[in-house]
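Have a look at the structure below, then the notes.
Letters A, B, C and D mark the chains in the order given here, with residues in each chain numbered from 1 onward.
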Amino acid sequence: MADTWSLGKHTFTSRLLVGTGKYKDFPTMQRALAASGAEVVTVAVRRLDLSKKGAESLLEWVPKGMTLLPNTAACFTADEAVRTARLGRELDMGELVKLEVIGDKRTLFPDVEGLVQAARILVKEGFTVLPYTNDDPVTAKKLEDVGCAAVMPLGAPIGSGLGLRNPYNLRIIMETVKVPVLVDAGVGTASDAALAMELGAVAVLMNTAIAEAKEPVLMAEAMRDAVAAGRKALLAGRIPMKLHASASSPMTGLIGS
Amino acid sequence: MADTWSLGKHTFTSRLLVGTGKYKDFPTMQRALAASGAEVVTVAVRRLDLSKKGAESLLEWVPKGMTLLPNTAACFTADEAVRTARLGRELDMGELVKLEVIGDKRTLFPDVEGLVQAARILVKEGFTVLPYTNDDPVTAKKLEDVGCAAVMPLGAPIGSGLGLRNPYNLRIIMETVKVPVLVDAGVGTASDAALAMELGAVAVLMNTAIAEAKEPVLMAEAMRDAVAAGRKALLAGRIPMKLHASASSPMTGLIGS
Amino acid sequence: MADTWSLGKHTFTSRLLVGTGKYKDFPTMQRALAASGAEVVTVAVRRLDLSKKGAESLLEWVPKGMTLLPNTAACFTADEAVRTARLGRELDMGELVKLEVIGDKRTLFPDVEGLVQAARILVKEGFTVLPYTNDDPVTAKKLEDVGCAAVMPLGAPIGSGLGLRNPYNLRIIMETVKVPVLVDAGVGTASDAALAMELGAVAVLMNTAIAEAKEPVLMAEAMRDAVAAGRKALLAGRIPMKLHASASSPMTGLIGS
Amino acid sequence: MADTWSLGKHTFTSRLLVGTGKYKDFPTMQRALAASGAEVVTVAVRRLDLSKKGAESLLEWVPKGMTLLPNTAACFTADEAVRTARLGRELDMGELVKLEVIGDKRTLFPDVEGLVQAARILVKEGFTVLPYTNDDPVTAKKLEDVGCAAVMPLGAPIGSGLGLRNPYNLRIIMETVKVPVLVDAGVGTASDAALAMELGAVAVLMNTAIAEAKEPVLMAEAMRDAVAAGRKALLAGRIPMKLHASASSPMTGLIGS
């Protein structure tokens, strides 16, 4: 039986979602998207240059069959984000939306207050809302309560490549909400992606780690494999950690790092 | 061009090496070995029951085409290890040997003094010697100097599942020796294997993490994917770590963990 | 020149702030408070039993000369917290307030939306507000903007003893706000407290780590020393991290853990 | 009752041991040694310039009453180390010796084979031998077996400032040997020293972290306080780690970092 997961009316097999920003050119992006095996690709509505047609338009370079996930990157208020989401729908990009309400230009951390407000409005308007949030369990619960289809906590700041800086909070979020938890942002390399899946994330979304790698297409393959590896390792049931093989009990957290 | 690596006269594509201990039964072992995609499989010469024939013999269950890597597990002196290696050769198991000289029954840490002695002898006798060692760079250099074909430092104690407890020493070993560095022991889950490859290991050897997982066959697949992912991520060139995307310089190690 | 710090009209020398909850009895609490060297002690207004007089009253057991920091523990809305803060002032506990608006009974994470609302009101009423918050830099900035005298991000969940789970976010908060940053919650042992100070925290507030240690008075001394040690180490300017002494450049963050 | 520890015929109260290398001048060294509260100071016999007399001689600047611990730094063979230890005794530096047999000029890791050889000889000659070793439990046991008075595993390479890179091995060493375990090398800042003591080290020896701090005298104070803090925290019995305060069981090691 296939190991699938769902978002609103969509069902997916791949657990890697990818972005379209920061590539050096569209052909490289296209090859990386294909190599990633991703079924969902996120696109910044505000960064679409609607005057471009044909091969000059980013959307032309998205491999056929991928599900579009328009996002509200570069929106700094709930109002901007709501209007941007609506624009995406008017452009026929579908009812999914990755909701970003940025609270700080420098670090790109979300403004969780604006995020919850915008989510509430967009859910009522029939969007399937996937909010990019921080790793705060209380905010995650609010986002679930207003009807978001998933929550997408960051592993580390966007573009930082720092990996999962606080797996503890991610674990608490997974204990707290019933909607799917996707890790969004922070992944730097393959082991980070595997770790996110091993922690129990339903899927992982990334952009910079692939787009700005020295070899984006090869890194896309690495990430495809890493997400698959982490998912399988979770399902396969890992061995417990012990100080050594003869230790009579699993490690308890006396050693912090 | 294929991304291969070599040990003595052998050339391999897979960078995962697997063991044959601790499986609940031979059929499960066989399916896990196949699922792992490994080309090299290690077998404890001392644990072979030579009175068993046909389907009762472990060797019958090793998938055809895999390269045997006899090991000297359960040897506590250089002399025992040397005699065990010779026995393996007499049994037609080939000239490769994974050399273990165990210094402590409880933790299974190697006795590095005996290890270097045994390695020196076996190299002179024409073996292609792969020593299981600790993460000490000085010992790694001695093993290279006596002619070992590779060094195999542990990531953590055998069977502990603790992952790579000291990536710093592994990195120093990789800077210190010219022979291939394989990480042997300590891997607990897929992200550990990916991380070992990202650090620059030529390959990873594991046994318990697969054999004692709840679903060994699925974990074998996970490890296959994880090793491939980590290798590709290394070659693809990961993004630098920064405190956040706008930070002007990569992180230096002021934050220890 | 003394190394002091200020909160509103108060100036302090000790950088350890302590709580009064969870002690097995008042005499033990009193000795631990004294041993800690702390000048500020926080008291839960809602947990004061105002019917108790004399030796039965917690406040009687607070060493003379300590500055009271009434807190709004066990408040789950902005409104409750505001009313509790006012009650503290009516009880002559001064104008300082450690503001807690709890968003989740189980984990005791703050509700940052309610926190900012309550802070805005209390600042206008003349309180010197110290909000217990999560490690979100955007929320920290909002708390500064509404006039809080400091921000107090958690190192880990209250009572968890997990130490500083995300030093990266704490560092970003310190770069983001100009008011003092105090680490509140999460400290489990002395090295955690030292680390918080080394990261640049102005002070550390803790309760469980002392009150529930096997020997609270000795742990209070340990924490006193650890906070002093971490502060001095910060001022003394630590050596850079390098892979080894001959390495030509400081470590950059290629090794995540 | 005082919390003391012993080495051979000596009993000490301070658990910080300090070095004399790398200071910019003798007066700074003298003030730092005094500020550290250390009772034991280690001196490299090979680096003593015996032609210098009075104020030009390093030994003149060691505060009165400190116990000298001559060391064999810069010795690369067992033979060199043995001869250097004897020279120290002839110079009336006492019977204690910090034994170093360096295996690699670049990283200053010990040569454990030469170390055990030299230790065996020096113990027979009546020295109280404190070997600087790596974090290998098998070597630690050999050193105990040949009669060393303590073992001194490194936390990280000399001068690296990386802290305790493998607390797991240090813990295993403490379980393995009965002689005192002192952490020697690797400490970079105060929290590292506290952590070493919390793990169960009997004492900590450091040099670079103090001598090359921007303000060595203040860092010496920080280290004095940190070692005291870590020791007290160990004795006081820390609270268990939990995912959050309501978690029903302590953390087991599912989250590796």
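Quick note on the criterion: a residue touches a chain if its C-beta (ideal position, glycine included) is under 8 Å from a C-beta of that chain, and two chains touch if they have at least 3 such contacts.
As the structure is a computational prediction, the values presented were derived from the model and not from experiment.
Averaging Cα atoms per chain gives one point for each, and the point farthest from that of subunit A is the centre of D.
Counting C-beta pairs in contact across A-C and across A-D gives the higher total for A-C. With centres defined as mean CA coordinates, subunit D is found 47 Å away from subunit A. Averaged C-alpha coordinates put the centre of subunit A at 33 Å from the centre of subunit C.
Across the assembly, subunit C contributes 107, 157, 162, 168, 172, 188, 192, 240-241, 243-244, 251, 253, 256-257 as residues in contact with two or more other chains. Subunit B makes touch with subunit A in their complex at residues 105-108, 157-162, 188-195, 198, 208-209, 212-216, 218-219, 221-226, 228-233, 235-247, 251, 256-257. Taken in their complex, subunit B has these residues touching subunit C: 167-168, 171-172, 199, 240-241, 243-244, 250-257.
Across the interface of their complex, subunit C is touched by residues 103-104, 107, 109-113, 116, 134, 136-139, 141, 156-157, 162-163, 165-166, 168-169, 172, 176, 188, 192, 253, 256-257 of subunit A.
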